[in-house]
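Take a look at the structures listed below.
Shared chain: chain A. Partners: chain B in the first complex, chain C in the second.
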Partner chain A sequence: MSGPTVSRSTRASRVAMIIGFVGLIVLIAAPWWAGRADLRLMGEIYLYLSLACLWNLMAGYAGLVSVGQQAYVGFGGYMLFALSIFGGLNPVVAILLGGVLAAIISVPVAALMFRLKGAYFAIGTWVMAEVFRLSFAQIQPLGGGSGTSLPVAIVKELGAKKAAREATSYWLALGAAVAVLLAVYLLLRSRRGLALTAIRDSEVAASGLGIDIWRTKLEVYVVTSAFTAIIGGLIFLQKLRISPDAAFSVNDWTAFVIFIVVIGGIGTLEGPIIGTLLFFALREVLADFGTIYLMVLGAVAIVVMLKAPKGVWGLIRERFDLELFPLSYRVRTKDD
Partner chain B sequence: MIEWSGAIVQGVLLGGLYALFAAGLSLIFGVMRLVNIAHGDLIILAAYLGLSTTVMLGVHPFVALLIVMPVMAGIGYVLQRGVLNRTLGPDILPPLLVTFGLSVIIQNALLETYTADPRKLSGGAIDTASLDLGGITVGVLPLVTFGIAVAVIAGLQFVFYRTALGRGFRAVSDNQDIAQLMGLNKAHVFGVAMALALAVVAIAGVLLGMRTSFDPAIGGGRLIFGFEAVIIGGLGNLWGTLAGGVILGVAQTIGAKIDPGFQILAGHIAFLVVLAVRPNGLFPRVAH
Partner chain C sequence: MSALLSVSGLQKSFGAVVVADATSFDVASGEAVGILGPNGAGKTSLFNLITGALKPSGGRITFDGADITASSAAARCKMGIARSFQIPQPFGGMTVFENALVGATQGAGLSGHEAEQYAMDVLDQTGLLARANTRAGTLTLLERKRLELTRALAAKPKLLLLDEIAGGLTEAECQSLIATIKDIHAGGTTIIWIEHVVHALMAVVERLIVIDFGKKIAEGAPKPIMESAEVKEIYLGVDPDV
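Now for the complex of A and B:
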C-alpha cells in the first residue's frame, strides 16, 4: 500500500488554474466586448500587474528592495522611442531589443549597487534612476528635458486603424502580463526558485547550503531589469509620449508598485494580483479626490505593513490554507 | 582660474547645507539603523512650517526656528514612538515601506495645504549680502549656513561623546537588548534620537527655504543629496558627513560651471565614483 505522498498541487490550485484559463480566454476576447476606455484601463492594469510581479520577485524573494526600478521603466520607454525613430525598427522589435539592452546595462549597475547593503541599496538604486533621468534629459534628439512624441508613421505600424492599434496594444499588455506571471512561476518552481525561496527565508542558512547568494541575486536583478524595461516600453507605447519626468517617476513606477505588492502580500505570487486589483479599485473610487487618494494609499500601506505584514493574501492564506499557484510542497497521507 | 576657485568656494559652502541634510540621516542610522525615506519630505515640511511662522508672526526665518525646531522635534518623538519603533527589527522592509508611505502622505498633505507653487523664505538683507574674499565674492547666507553646519555637527559630536544622552545613543546602537537590561528605555532613546534629528532637519529646512525656492515635490531630491553626503563621507562619521557634503557641493558647482544642465548629474557621478573606488566612503569610522 502506498505511504504518504508529496505533491505540490491542491484541489484549489487545480480549480484556480481552470478558472484562470477560462478567464484568460475571456480577456483575450476583450477587444470584441469591452469599450475603448475599459480596454485602456485593463491594459494599464496588466502592465502594473507585471511591474508588481517583477518587483515582488526581486524584493520578496531575492531580498533586493529597490526603489529605483523606474530606471528601467524609463529606459525601456526611451529605447522604444530611440530605436523606432532613429533605428527604423518596428515598435515591438524595439521594445524587445530595449529589454536586451537593459539586461546588458543592469550588470555594471548591479556591480556598483550591490556594494550597498539593505536600505542603502534601496536609496542607491534611486540615485541610479536619477542618473538615468538626468542623462536622458540631456539627449536633445529625444526632446531633452521636455520629451517627445512617437511619430504617427511608427504608431501606424501597429495597425492602420485606431481600433486595430488599440487592440494590438491591449494584447501586447495582456501577453506581457501572462509572460511575466508564467516566467516568475516557472522560475520559482525550478531549482533556482528553490534557492531563491531559501534566500528569502534565511540568507545565512541558504549560503550554508552552498547557494551562491551574490550570483543568484545578480541573475534576478538582470532578469527583472530586462522585463521591467520591456514593460516600460509597452507603457509608453500606450502613452505615445515620453518625457524624463514621466519616464523616471519614482511615484508612478516604484511607490505605487511597492504599495501594490505590500498590500497584496509580499513574497507570494498571488499577492501582486490581489494588490493590483485593490489598487485600481481604490483608484477608481477615489480618483476624484486627487491628493487625498494618494494620502489614503500611503496610510493603507503603512497600516498593512504594521498590522498585517504579509498583506491581504497572507491573511487569506493563513485563514484558509489556500495556495492558487502551487509552489510549496505538501505531504499527504492516505486519510487526506 | 579665479572663476573656478569661485565655483569651488561656492561648492564648499553649498556642502554645508548638504551636510545639514545628511546629519539627521546619519544620526538616526547610527542610533537605530533606520533609513528614513521621508527625510527629504520632512526637510520640506520644516521649510513650510518656517514659511507659515514668518508669515503669521511677521518674524525673521531665524527667529521662526525657535518655533519650528521644537515643533519638528515633537513630531519626531511622536512619530518614532507611535509608528517607527514598531518597524524596527531584522527585516529592512517595514521601516523602508512605512517611511515611503509617510513620504507620500507628507508630500500630498503639503500639496493640499500650500499648493504646488514654489515658495521662498525671505531673510531680508542677508539674502543678497555678499563679501569680497580676495577677488572671490561669497554670499553671506551661504557662509552663515556653512558656519551653522559646522556648529551643528560639532554639537552633535559633543552630545554623542560627552553627555549621558549620547552614552545612551551609543549603548543602544551597540546592543539594544543589553542597553535595555542596563536600565535604558530604548523606545524613549530612539524617540529622543529622532527628535534631535528632526530639530536638525528644521534648521536644514529653514536654511534651504532662504537659499532657494521650494515646492512639495522636491523632498526626494534632498533625501538623495543627504544620502550621498553620508555615503561619500563614510557611515557613522559625522565629520566625514560634512566632508561628504562638501565634496558633493563642489562636484555640483563645478558640473554647473561646465554646463548648467550638468549640475546635479555631476554630483551623482562623484557619488558613484566614490562608491566604485571606496565602497565604505572616504572616512569610515574605524571598527572598534
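Now for the complex of A and C:
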C-alpha cells in the first residue's frame, strides 16, 4: 500500500492562477485600451496593493504592528529626488538604490524599535517616522519644509512624450505590484514562510520548535522596509512633486494601508488584494461626498472588525475552504 | 550512566514567588523521569528554564555535554530539547499537518519530501493522521494535547518534556496515550513528564522527582516516593489515584 501523499495546489488555486495570468496580460495592455485617468487610478491601485501586501507581511505574519512605514515611503520618495537631481542617476536606478539604502537604514532603526513591544512598538515606529519627516524638512537643497518638484529633464528620461511617460510609469507600478506579490508568495511558500506563519500563530511555540524569532522578524522588517521605499519612490515618480508632509503622511501611507489589510483579512495573502479593491471601490463611490468619505471608511472598518475580525477574505475562506494562492499543504489518502 | 541533562543550583523567582530554589538533578540518557508537585510548585517554570523560555537568575544547565544556560530557546530545540505545552499553543491558522511540519523542518532540520514524510509518520504514531488537513484552531482540547505531543516529536528530540498531557482524558484515551509514550521511550527518547494523573505517570517513568515552592523535596524510585507519608499527605492530599 502506498501511503498518503502531500500536495499543495487545489482546483481553486489552479483556476485562480489561470485567471490571474490572463488578467495580468490584459492589465499589461492597459495603455492601449484605458484612458489617461483610468491608467493613473490603476497605477495608484497597484502601489497601494504593494504597500498593503508588505504591511500585511510585517504585521500580519511577523507580528510587527508598525504605524510608521510612511518613514520608508517618504525615504524612498526623497531618495528618488536626491539621487536623480544631485546624483544624476536615471530615476528607475535611483528608486532601486533608494530601496537598498532603506534596507541599510532599517537595521539600526530595528535595533532600536525591537526593544519595544506591542503598542509601544507601534507608537515608537510612528515617532521614528516623524523623526524622518523632520530630518528631511531640514534639507534645504530638497526644498526644506515646502518640498520640491522633479525637474523636467529627469522626467523626460522616462519617455519623450507624455503618453509614453504615463505608460512607463503605469508599467513600473504594475511590475512593482507583481514583484511584491510574487516575492511575498514565494517567501510564504518556502521553509522560512512556514516559520513565519508559525510565528504569526504562536511565538512561544515557534521559538520552542527551533525558530529564531528575533532574526526572522529582523529579516522581515528589513525586506519590507526596502520594498516599501521602492514603492515610495514609484509613488512620487507619479506625483512628480514631494514635500515632507506628503512624503511622511501617516494617513496616506499607513492608516489607509492598515484599513485595506484589516478589512481584506490580515495574515492572509489574499486579504490585501480584496482589501485594496474594496478600498478603491469605496473611494470612487464616495469621492463626491468630502469628509463623509472618511466617516464611512471608519464605520466600515469598525463593522468589519466587530463582525468579521478576520476580514472579508477570512469570511470567504472559512465558509468555502478556499485558497487562491497554494500555500497550504494537503494530505491525500488513496481513497480521496 | 552519563547524564543527558544536568541541572545544578537553578534559581529563579518572580518577585516574592520562588519557582526554582537551588534545584539540582540529573537525567540520564534514555531515562524516563516524572515530576510531581502541587499547583504552583514551579513544575512548568522548571520546563521553561530547561527549554530557555525563562532565563534563570542563577545556576547552570548542561545538555549533552554543553552548557546551555545562556542559549536561546530556538538553539536548545535544535540541540534536541522539545516540549509540549500544558496550555496548548497550536499554530491555529495552520493545518495539523503543517503544525507537525514546523517541527520537522525548523526543529529537526529536515526538508522537502523527507520532512513531509517524517511529519506524516509522527502524525500516524500519535493518531492524528486522520485530522491532518484540519485547521489546528478548530481541534478539541484533547486533540490539541495530542498535537502538542506530535509537534514536539516532529522536532526529533533527544529529550522530550511533557507537560500534563494526560489531564482530562477518558480511561481508554489515557491507556492509548500511555502506549504511545512508552513507544517513544522505547525508541530511545529521554522523557521528563509533569503529570497529575499519577497512574499514567507510574506506568511509564522509572524515577520521580517531587518539588514544592521551587525546591526539590524528594527523588527516587516511583513506588517508595509515592508511599512516603510526606508526599502522600502534604502534596497529593486525598487523591483517589494514590
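In the analysis below, the second predicted complex is superposed on the first by the 330 of 336 C-alpha atoms of A that agree within 3 Å, B and C clash if a C-alpha of one lies under 4 Å from a C-alpha of the other, contacts with A are read in each partner's own complex, and residues count from 1 in each chain.
Definition applied: a contact is a pair of C-beta atoms (placed from the backbone, for glycine too) under 8 Å apart; a residue touches a chain by one contact, two chains touch by 3 or more.
Just so we're clear, the structure is a prediction, and the values are computed from it rather than from any experiment.
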Query = Which term applies to chain B and chain C once both are placed on chain A by superposition, clash or fit?
reply = fit
Query = Once the shared chain is lined up, is A:V220 touching chain B (first), chain C (second), both, or neither of them?
reply = neither
Query = Looking at the overlay, what does A:I95 touch: chain B (first), chain C (second), both, or neither?
reply = neither
Task = Identify the partner contact of A:L150: answer first if only chain B is touched, second if only chain C is, both if each is, neither if none is.
result = neither
Ask   = With the two structures laid over each other on chain A, which partner does A:A301 touch: chain B (first), chain C (second), both, or neither?
value = first
Query = A:D201 contacts which: chain B (first), chain C (second), both, neither?
reply = second
Ask   = Once both structures sit on top of one another, what is the angle chain B-chain A-chain C taken between CA centres, to the nearest 10 degrees?
value = 80
Request  = Tell me which partner A:A52 touches in the superposition: chain B (first), chain C (second), both or neither.
outcome  = neither
Query = After lining up the shared chain so the two structures overlap, which partner does A:D212 touch, if you call chain B first and chain C second: first, second, both or neither?
reply = second
Query = More residues of chain A are touched by which partner: chain B or chain C?
reply = B
Ask   = Looking at the overlay, does A:V184 come into contact with chain B only (first), chain C only (second), both, or neither?
value = neither
Query = With the two structures placed on a shared chain A, what shortest C-alpha distance in Å links chain B and chain C?
reply = 5
Query = For chain A, which residues are in contact with chain C within the complex?
reply = 3-4, 6, 191, 194-195, 197-198, 200-202, 204-213, 267, 328-331
Key: Residues of chain B touching chain A in the complex   = 35, 37, 83, 86-87, 92-98, 100-105, 107-109, 111-112, 220-221, 223-224, 227-228, 231, 261-262, 264-265, 268-269, 271-272, 275-276, 279
Query = Given the complex with chain B, which residues does chain A contribute to the contact?
reply = 59, 65, 67, 112, 115-116, 118-120, 122-124, 126-128, 130-131, 134-135, 137-138, 145, 250-251, 255, 258-259, 262, 266, 291-292, 294-295, 297-299, 301-302, 305-306, 309
Task = Please give the residue numbers of chain C that touch chain A in the complex, ascending.
result = 51-53, 72-74, 77-78, 82-83, 85, 89-95, 97-98, 101-103, 105-107, 109, 111, 116, 120, 129, 132-133, 136, 151-152, 155
